[in-house]
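Letters A, B, C and D name the chains as they come in the text, with residue numbers starting at 1 for each one.
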Amino acid sequence: MDTAHLVDLLLAVGMVVLALQVVSERAVLRSIILFVVFGLVMALAWTRLQAPDLALAEAAIGAGVTGALMMMAWRRLLIINPDQPADTPRGRSRVAVPVALLAAALVATIGLSALNIDPHANGAGLIALDELTDTSLGNPVTGVLLLFRNLDTLLEMAVLLIALLGARAVSTPAHPNEAAVVETSAPLVGALLAILVPLSILIATHLLLAGTNEPGGAFQAGAVLAAGGVALVLTARLQPGERPGVVTQLAVTAGLLAFVGIGVGIMAFGEKLLVLPGTWAIYVIETAMMVSIGLTLALLFAGAPALVGRPK
Amino acid sequence: MIAELLAGLVFIPLGATLLVLLLPRQARGYLCFTAVLALPLCLMPLTQAVWADGEITLALAEFTPPLGIVWRLDGLALIMLWLTAIVAVPVSLHALTSFPPGEQTGRGFWPLWLMLLAGINALFLSADLFNLYVTLEMITLAGVAMLGIGGNALALKAAMRYLLLGLLASLLYLLAVGLIYGQTGALDIYLVGERLETDRLAATALVLMITGLLVKSAIFPMHVWLPAAHGNAPGPVSAILSGLVVKVSLYMLIRIWFWMAGDWELPAAATALGLLGAGAILYGSLAALIQPRLKMVIAYSTVAQLGYVMLLFPLASINAFHAASYQLLAHGLAKAAMFLAAANILWSIGTDRLHALTDLNRKLPVDLFALALAAVSIMGLPPSGGFLAKWLLLEAAWQQGAWGWLILISIGSLLSAAYLFRVIALTCFHPERRHVPTRWQSPPSSASIAALVLALLAIAAGFTSAPILGLIDDSLPPGGIWP
Amino acid sequence: MTTEWLPLAMVLVSLIAGVIIFLLGEQRQLARTLLNLGAALVKLALVAFLSMLVVTDRAPEFRLALLPGLDLVLRADALSLLFTTLSAVLWLITTVYAIAYLERSENRARFFGFFSICVASTMGIAMAGNLFTFFIFYELLTLATWPLVAHSGSRAAILGARTYLRYTLGGSAVFLVGLIWLYGLAGSRDFIAGGQLDEIGIAQHLDLQIIFVMLVIGMGVKAALVPLHSWLPKAMVAPAPVSALLHAVAVVKAGAFGLVRLVEDVYGPELVAELGMNHLLAVAAAVTIIYGSVMALRQTDIKRRLAFSTVSQVSYIALGIAVGGVMATTGGMVHLVHQGLMKITLFFCAGIFATVLGVKCIDQLDGLGRRMPWTTLSFTIAGLGMIGLPPMAGFVSKYYLGAGAIAVGAWWVIPVLIASTLLNAAYFLPLIKRMWMHPEPGEWPHPVNLSRMETGGLVIPTVMTAIISVLTGLFAAHPLSPLSWVMGIVTEYFP
Amino acid sequence: MTEILFVLAASVVFGIGVWGLLIAEHLLRKLLALNVMSSSVFIIMLVVAGGGPDGPDPVAQALILTGIVIAVAATAFALALMVSIYRKTGRASITEKGDDDR
């Protein structure tokens, strides 16, 4: 067994063990932390499967953003009621174990039997690689997302917006304690932020631009941008606001506005629906999407309709 | 022109959402309502086009399957789109008063409602398995979010249950899509139908897909989330969820079963689906019979009524196809009307407990009339859309000598009469317990009219079968229908 | 001038009147009264016009396809006109009575609204051109009658209404399955004199027999054939005009009318005889006749006695068509009209007794003849008619039934008729005797002072129906009498 | 080899997710279980789709990327819903009887 396979084995075992712990760990907070670790292991697994786009996305979105969201939600629960009883899994549902075993067996059978199947000769993947040569894009995943199957991406942005709108719609009046955010005025934090935030913007921009030819793209970039926003929220440099202003709304909807504007507006020029007029359109749309994703995730993290600067 | 109209169905509500978020509050109400009104206007020329030339297809971004996504508009999709548009207009009229666009709840409702409409329309148009997943998620998230507007604790919990089960169902569906893509390298339903080999992998994928969609459609015994969700949602949201949202996954189930797996012969599985339908009819009706609250009765009635659609799978004939489509249509109209009427009752007297609903015929004559008319259709009494659906279904069962299904349908309609007449009797004739409501405010007349219009449409559906059935005849599955 | 819309108009007049009455609300009494009477008069005029068309062989037909190959057909033929005329005339009279009867009660808008819809569905049943259309209006009738039965809102009324619904909806489910089966076998056919199922092969005769039984069950529920009758006495809690309508024109008659259509126009008498179904129907009818009479005898409540009397009497119609032959069929079908006239009179009287004096039981009837001579006289006339005393209308029916039975050799009918007549006498004559012969009691149970308008509104319709019932008997031989009319129809079935 | 290992691991993870979703009482843990499940689904999707010398099937990768974003959106919304429920009821679970009554 060579090293590569050993790594694979470790990753596989790690996935299973971590997943088991995430689900069965006594303290919820530890579950969340283990989930983030699980996400990082997943990211490694994606690289082993030669899918660097997914590795980036898993690390930034799956582990990073989801973990941060979970953590923040847990913190809110604690603020609202500090005496939250520890949650331990109990054998509540008698069907749970059989169902789980059945599910695992089912999935394993079909997954393994699927390994024998060769990629379809007329499969979409091969055609995508063919079509890619007609475009100026180097990354086939970006090609699929923004050119070949861009309706999926457009509607996915809609899903993200719905999540934000939904979170606003179902929010109930906040608990008074929740407003009390840890105010950190330590100089070190300021210095850290001064590096972290520009860095996140830089990395995001790089991921965005690289995404046309190399791994990366609007989603990963948006997640990194969101990380910068999260840092600002955590240190109370940005604070939850009550009513979203026009700028917030514009930034949140920018991705969809650009996408719909170009993809549907193109019909006025006699083109077909969702045909993008050129590489510039891809850049415009991706930039707008990055801004929207970043802000949407930051807003969801802050649990508020808007973010405002720190009152002087 | 056709492409513009198809785009309009999805992008008018979507664009309106974006504008609503940006515009000042005064303009919102008109904008939202105009966007909803635009849907039937888009559908009219499209209907003519489908009548004239048959199915319309549009390759998005000019990429055809297997790589690209295709929108297909055939008769069945058109009927569902019409149902959406027709239900959407009165529901929006109702929502203008129950969720005023300028106020807090309205600011939550309207963008989500328009997004939901965009998602539903996109789903009915789409013929791509993965695109269906994305639209289904749009619909689920928007539906759950709308259910939680207002922050009622029961509604929030119901929303959470709905969301968790919905996400689980989506994952099952997504896994199945992944497997099917692995085998066929395609995602377009028609193409997959041609390429899919009937091996173990495909069979498992089909099972996963169907299970997921059954959960989303709340087919017995996966209905557990539905009654609390539909019964506790705020006024028009119940109408939207029961009238439209559950239909969406049922429609997908029909598409996948007959279009993708159309040439597999699975009589045992079909019978199993039919038996689930039978369970839904019996359990839903009996549960509706003992509910203490009006909206819960209506919600359980939805569980039961969806069971009739499931009989399409074992019966599987043209008549059954007619019947199932008609049932989807008639139930959508009648159930939306019922929930709007119930919303008005709840608004007026502050409760929908059945024993508190006395003398409604004098206090809320229009709403009670709407409720009664809708009940006529749900019970399948003539003349109404529900009656034609029941007639077609009985005919389909008779033609195959399926006496078991025939008796089931008859018993089901008797049970529905039992629980609905119980409601109406309690609302009008209430001998001893003269309940004096603790509060009283008369509902806005437009809200009552919205309920009445939908109820009248449910009755009118009993007189307009020819064009509807004609549309279905033009859009039968390519592999034919097998029992 | 196109006349296709006329049958539809017959239905719509009452339907629209009903909806407008709902919309008018409780307070607009004058408008409601005018609308009620106006619509009834318009309908009478329409009936007259339609009769003219039918006599001159230009019967109009309205057709609307509900499903492919499944039409809603409304048309006027001689038989439907018989029923529509009866309904239209009695509706007008009952409306006058009901306006006076409900003068002081609440929920009148609801009452008159459903009352009108009830009549509209009766019109639809009468004009139905095929079994499918018949079924649609049959169900509509169920829906419209239910709130009328439950009208008072008392516990008994609600229970009675619930029983009514259980029976009728259960019956219609059976009806629907039979209908689907029949249409699957034979397709959608319009009513044709003498039947439409001749070409169906002998192989399907078992199917046809089962279908026949199912359809008879569906109609028998409303026609109160034993053992499907027990909703009828319970529905007696309804207000008197409703009972009158239920028994004389609408529900029970709709069931009986449906049986006539089924035997004469769907299967045809020949096929029914070939299938042996006539015996089944005849036995059911005979049993019902005797059972209803015996039960009537045991009742002490006036309205319940009348209700069981209806159970018994309506089955004469079924008996007539089941026995077959020109004479017996005529006797049965003419009873459709005769029983309606007599029974509506009786219920009007019972309603007057109950509202004016609070008299509800038989032993409270003593001496009523002196207190209310006109009403008591009407009751007497109708009661004697029911017994079948010549020259009353009831006699004509019974005579034709008996003679017809002998003509086709069904001798066993005669004892049934005799027994029924004796029982009729046994449960009507003591009432009549009490009213005229016994002394007035010192105090009536619940006397009420009525205004002249109300008294007139109650008594005049009662006397009118009584007079009409006598006239139809006296002038049975006149060419415009119901009997002649029915004879004309029946000769088509038995050429 | 790599594929087989990962498919097996993902299957087990899928089962663990189902188990966790069914038994967990705390909503946060239910959501974690769902996220774990979705990760396993993505792995299987990619492996099943196969690929060429240039790496896995690009369309499958794009689908998974979309799936990841949808999963995070749904999770974020579910968390907001959970916090609202917690504010209203003081509990972060939905297993209660008598919800049908008002």
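We take it that a contact is a pair of C-beta atoms (placed from the backbone, for glycine too) under 8 Å apart; a residue touches a chain by one contact, two chains touch by 3 or more.
Only a predicted model underlies this, so the values are computations on that prediction, with no experimental measurement involved.
With chains reduced to the mean position of their C-alpha atoms, the one farthest from chain A is C.
Of all chains shown, B has the CA centroid lying nearest to the centroid of every protein CA atom. Interface comparison, A-D versus B-C: the pair with the greater number of contacting C-beta pairs is A-D. Rounded to whole angstrom, the centroid-to-centroid distance between chain A and chain D, based on C-alpha atoms, equals 13 Å. For this pair, chain A with chain C, the centres built from the Cα atoms lie 74 Å apart.
Centre-to-centre separation between chain B and chain C, using Cα means, comes to 43 Å. Separating the CA-averaged centres of chain A and chain B is a span of 31 Å.
Along chain D, residues 31, 44, 48-50, 59-60, 63, 66, 70, 73-74, 77, 81-82, 84, 88 each make contact with two or more other chains. Chain contacts: chain C has no residue touching two or more partner chains. Residue positions of chain A touching 2 or more other chains, listed in rising order: 107, 114, 117, 119, 123-126, 128, 144, 148-149, 152, 156, 159, 162-163, 166-167, 170-173.
Residues of chain D that touch chain B in their complex: 21, 27, 30-31, 34, 37-38, 41, 44-45, 48-50, 59-60, 63, 66-67, 70, 73-74, 77-78, 81-82, 84-85, 88-89, 94, 96, 99-102. Chain C meets chain B in the complex at residues 22, 25-26, 64-68, 70, 72, 107, 110, 135-136, 139-140, 142-143, 146-147, 150-151, 153-155, 157-158, 161-162, 165, 169-170, 173-174, 176-177, 180-181, 183-184.
The touching residues of chain A, counted against chain B in their complex, run 106-107, 109-110, 113-114, 117, 119-128, 131, 144, 147-152, 155-156, 158-159, 161-163, 165-173, 246, 249-250, 252-253, 256-257, 260, 263-264, 267, 272-276. Here chain B touches chain C in the complex through residues 361-362, 365, 369, 376, 381-383, 387-388, 391-392, 394-395, 398-399, 406-407, 410-411, 413-414, 417, 421, 425, 428-432, 462-463, 465-466, 469, going by the rule given at the top. Against chain D, the residues of chain A that register as touching in their complex are 4-5, 8-9, 11-13, 15-16, 19-20, 22-24, 28, 31-32, 35, 38-39, 42, 45-46, 48-51, 53-54, 57-58, 61-62, 65-66, 69-70, 72-74, 76-77, 80-81, 84, 87, 89-93, 95-97, 99-105, 107-108, 111-112, 114-115, 117-119, 123-126, 128-129, 132, 140-141, 143-145, 148-149, 152-153, 156, 159-160, 162-164, 166-167, 170-175, 217, 219, 293, 297, 300-301, 303.
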